[in-house]
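Next, two complexes with chain A in common: one pairs it with chain B, the other with chain C.
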Partner chain A sequence: MPSEPLRQLLLDPTVVTVALGALLLGATAGALGTFAVLRRQSLLGDTMSHAALPGVVLGYLLAQGRSLPAMLAGALVTGLAAALLAQLLARRRGVKHEAALGTWLGTGFALGVVLLSLVQHQPGAGSAGLEQFLFGQAAATLRSDLLLIGAIALLSLGLVALLFHRFELVTFDPRFARAGGVAVRVYETLLTLLLAVAIVVGLQLVGVVLMSALVVAPAVAARQLAGSLGAMLWLSAAVGAFSALVGALASAAVPGLSTGPTVVLVATACAALALAFGRRRGVRLEGA
Partner chain B sequence: MSRPAPASAPPAAETVGVSLRYGRALALDGVSLRVPRGAMGAVVGPNGAGKSTLLKVLLGLDDGHEGDAYLLGRPALQARHLVGYVPQRSTVDWDFPATALDVVTMGLYRQLGPFRRAGRAARERARAALAEVGMEAFEDRQIGQLSGGQQQRVFLARALVQEAELYLLDEPFAGVDAASEAALVEVLRRLNAQGATVVAVHHDLTTLASYFDWIALLNVRLFAQGPLAATLTPEALQAAYGGRLPLLATLAPEEVRRAV
Partner chain C sequence: MIQALFDDVAFTILLTGVLTAASAALLGTFLVVRGQAMLSDAISHGVVFGVAVTFLLSGVAAGPLQLLGAGAAGLLTVLLTEWLAASGKVKRDAATGLVFPALFAAGILLLNLFARDAHVDAHTVLLGEIGFVWLDRVTLLGLSLPRAVVVLGAVLLLNVVYVTLFHKQLTAAAFDPVMARLQGLRPRRMTLGLLALTSLTAVAALDAVGVVLFVAFTITPAVVGRLAARRLPSMLGVALAVGVGAALVGYPLAVRFDLSIGGSMALLTAVPLVPLLLLGPSGALGRRLG
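Now for the complex of A and B:
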């Protein structure tokens, strides 16, 4: 028995756009987060999302206005650059990979904040909603954004479906895969790229500060319940979609409420419930 | 147990002058290994002798070495997919969401190609391999809930589905209970009797003579290789281990004599 204001909210075309966008983003981030968690790349995800901020601003500057494709492309470039620089620092200079990631997380984010404050003093920039990339604002989703978000979701999830067994093998036992002649480096790079995509795609909704939590928390919840990688992917996608939807609707209904924190609180609540009650249920979703 | 191979047959596994460094430390120094076809072989040596590294070289898993490696008469990189490989159990995260049957089925993924899913036929083959290692009752068990020995048997079953001519095993008995060790040995013997070559990295000298019929004594350099009876001499052991195995003086010669 939805109350009258809630019914109005659900019929509002803006809200429908926001809800659809959130569902797609949440499902994509949740599904791809499965590999990030199993491959112990949570910190890598956090680094890429924080380091995406300067890219968002640069994309905005290059496109001379709010262009989601340009900003997301910029985010992808600087996010991946941070990941690569961390790897170089670890390999060439013997810095611990974790420490290298932490360094670039901070550096990238600081650079982003400085750029952001410089750009915001330009005329017209204030209305572009750049600062919404910090904590996310679902209401900023435009109808035209849906197409881009949908295409990214379809492409990345399609790739996972297509190469599912290869990704499974490389994630579980890369050494065995390599000995069998599987091009492990190629698949590992693809998985890291997919993680970057999962993060970038959700930036507008959740923001750079909290995005990695939307990637990690659904997978943590799903791991508690799933007995196979396929089941974990579906469960994680469902938790991600649910969290994003609830968070987006809540922030649309309550003026001034940022979307990111709301989404992340829902996702972590799901993870906490799963950890408390779902210890290794072994759900397998055969045929899925 | 090993059948005599024709003199012209290339070794099942061979390295020619293989050297490898980790930083400044020499891990392998001019190792020329020749494991004959049909051998039930062990690579033996103290900790840090480079035994696992030698397997890595054979499978192309190292980051670069001098010298050449061959498998089944072909350059190793071209033939490594024909090898049934059993890595050390500790190299993977057993908290991965998969059942015993899932992991064994992964042994068939390479043959299936990048895009095909494992179907009923693949699952049946995996099931048969699980039965061969005596784990058929555990096919639906999550791998994280298996004992160390059971996990090792699952790993062996994953190699078995490949129906390989050559099996390379890295410390297959490490951290394994007695029942599992016996089951593993029995499977390896059966494979060997059917004509497969087996090479295992092994470091338990007390079981060496009863499990294997061919050995290579490695400690960075290759100290000896050949049929066990002729190769496992106290002198060769002493040379390979240096003074590092006090037990050797009392136990090993007796073991050796009994075996020979």
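Now for the complex of A and C:
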């Protein structure tokens, strides 16, 4: 029997909204993180999440107020722009891939900070609403946001279910896939796009600084426990959902506790446990 | 006369920016050449854990003890990542993406919970407060100096000495670690020294520019140098000029348009990338013209 205060907390509509939002985006980030970890794109995720900050502020400016769709669209655009620019820069002689990623991580974030300071001086603009995007804030999730988060989750996870075997082939054996006539570049681009979506969807809860960790940690945990890509996807989604839920509720209950760091610590604890006790050494192509 | 200079707010902010940029460009050049640019990202985040723990254990939020404690945490971040990657259970990029965010998150939560009233809060650690560094002062040689200037000056001196003494080893280890080891140049020890100095510099720059902008100051000028120059000394020269120039131009620009000072300085380091990417040998325009 849950005690009376606990029952009240669980029935509180704000808490329910926060919990639902956290579950949805945690599961999405966790599932899509599977491909990011297997394709060694953890640092790309970090770059895209930092470079999402200017997009959030631009979305705010264009919509002339806090509009989650506009801010997330902006985040997606600048995050992807950073990924593209990094690819362009890494093609130059002497510039290694990670230096290219670091360049746009720093530059994107700096641009975001400058735009943030610009907005703060606008009359009437609620800068506090934007600062939430740095470390994330559980309480910021509104009931109207759930529809958008849910739609993004459904769409991206549906795409993964639909194209599961193609994604699997492209992730594990791109050369075989190419030889078999699969348009590898198209699916690789699609997977990178999904990584950007996974990052953007969690920005409000976890923040730009730590969002990439919510993509990486659940997948690392799942990889130690799962024997197939399908199992890893489910497990990773579960770990992501669990971490986001626990982190969001804990930070909502304890005043002053930032949501993003709390969520990330829970996810990392799961990964540490799986690394210490998991027996599997990774996922391979089924049947291979 | 000298005291008047250090009492001047604008001069102090400019000097803090220039010292940060110079140290970061110096170390960044070697990190970028060695393919270890993102270690600066891991280190600067990991340092926050050290700042929080040092504060909890000793109540110290500045000074030599903080430099050492937080600097050690920066180095620990790299070693922990290496250990995890060497276990074979996690690829290097995922190990990096797992370790430093966790340490950073732990540091932020510790500050959230236990350091509300101290001047080290989560917001400052993330973004820095270069506009306020002149407030925190120490007395040295009879002069009242901003602490950030003293610490960053000392760290820059240390960096310059290290690079001057060991540039041959650092370069050799960068381009051919096997050969360097065969010649008895101890590349591993050189690397640890470089990373330790990066950690110290990240701590020293924390109050001024925060965790992420430090990464911008470290990597971007060095990448510009790499694009603009072939040889290491000229690459270093370009990186220093870009970093220091961005600090000098960024401040008046930020004041004029009422923008974030640290953000403006860091953003300007990327400006030279625009012509370099468009015009260079394989740039969009260069290809068309060539």
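In this text, the second predicted complex is superposed on the first by the 270 of 288 C-alpha atoms of A that agree within 3 Å, B and C clash if a C-alpha of one lies under 4 Å from a C-alpha of the other, contacts with A are read in each partner's own complex, and residues count from 1 in each chain.
Definition applied: a residue touches a chain if its C-beta (ideal position, glycine included) is under 8 Å from a C-beta of that chain, and two chains touch if they have at least 3 such contacts.
None of the values given here were measured: they were computed from a predicted structure.
S.K.: So in the superposed three-chain picture, is A:156 touching just chain B, just chain C, both, or none of them (first/second/both/neither)?
M.R.: Neither partner.
S.K.: Can A:89 be said to touch chain B (first), chain C (second), both, or neither?
M.R.: second
S.K.: Going by the contact rule set out at the top, does A:192 touch chain B (first), chain C (second), both, or neither?
M.R.: Neither partner.
S.K.: What's your read, chain B or chain C touching more residues of chain A?
M.R.: C
S.K.: With the two structures laid over each other on chain A, which partner does A:213 touch: chain B (first), chain C (second), both, or neither?
M.R.: second
S.K.: For A:175, decide between first (touching chain B), second (touching chain C), both and neither.
M.R.: It touches chain B, and chain C stays clear.
S.K.: Which residues of chain A are in contact with chain B in one complex and with chain C in the other?
M.R.: 223, 282
S.K.: Write out the stretch or stretches of chain C touching chain A in their complex.
M.R.: 32, 35-38, 40-41, 84, 87-91, 93-94, 96-98, 101-102, 104-106, 108-109, 112-113, 116, 122-123, 126-127, 211-213, 215-220, 222-223, 226-227, 257-260, 262-264, 266-267, 269-270, 273, 277, 280-282
S.K.: So in the complex, which bits of chain A are touching chain B?
M.R.: Going through chain A, the ones touching chain B are 38, 162-166, 168-169, 171-173, 175-182, 223, 226-229, 231-232, 280, 282.
S.K.: Give the list of chain A residues in touch with chain C in this complex.
M.R.: So the residues of chain A touching chain C come out as 37, 40-43, 45-46, 50, 88-89, 91-96, 98-103, 105-107, 109-114, 116-118, 121, 131, 134-135, 209-210, 212-213, 216-217, 219-220, 223-224, 254, 256-258, 260-262, 264-265, 268, 271, 275, 278, 281-282.
S.K.: Mind listing the chain B positions that touch chain A in their complex?
M.R.: On the chain B side, the touching residues are 59-61, 80-81, 83, 85, 87, 91-93, 96-99, 102-103, 106, 109-110, 112, 114-118, 142, 144-145, 158.
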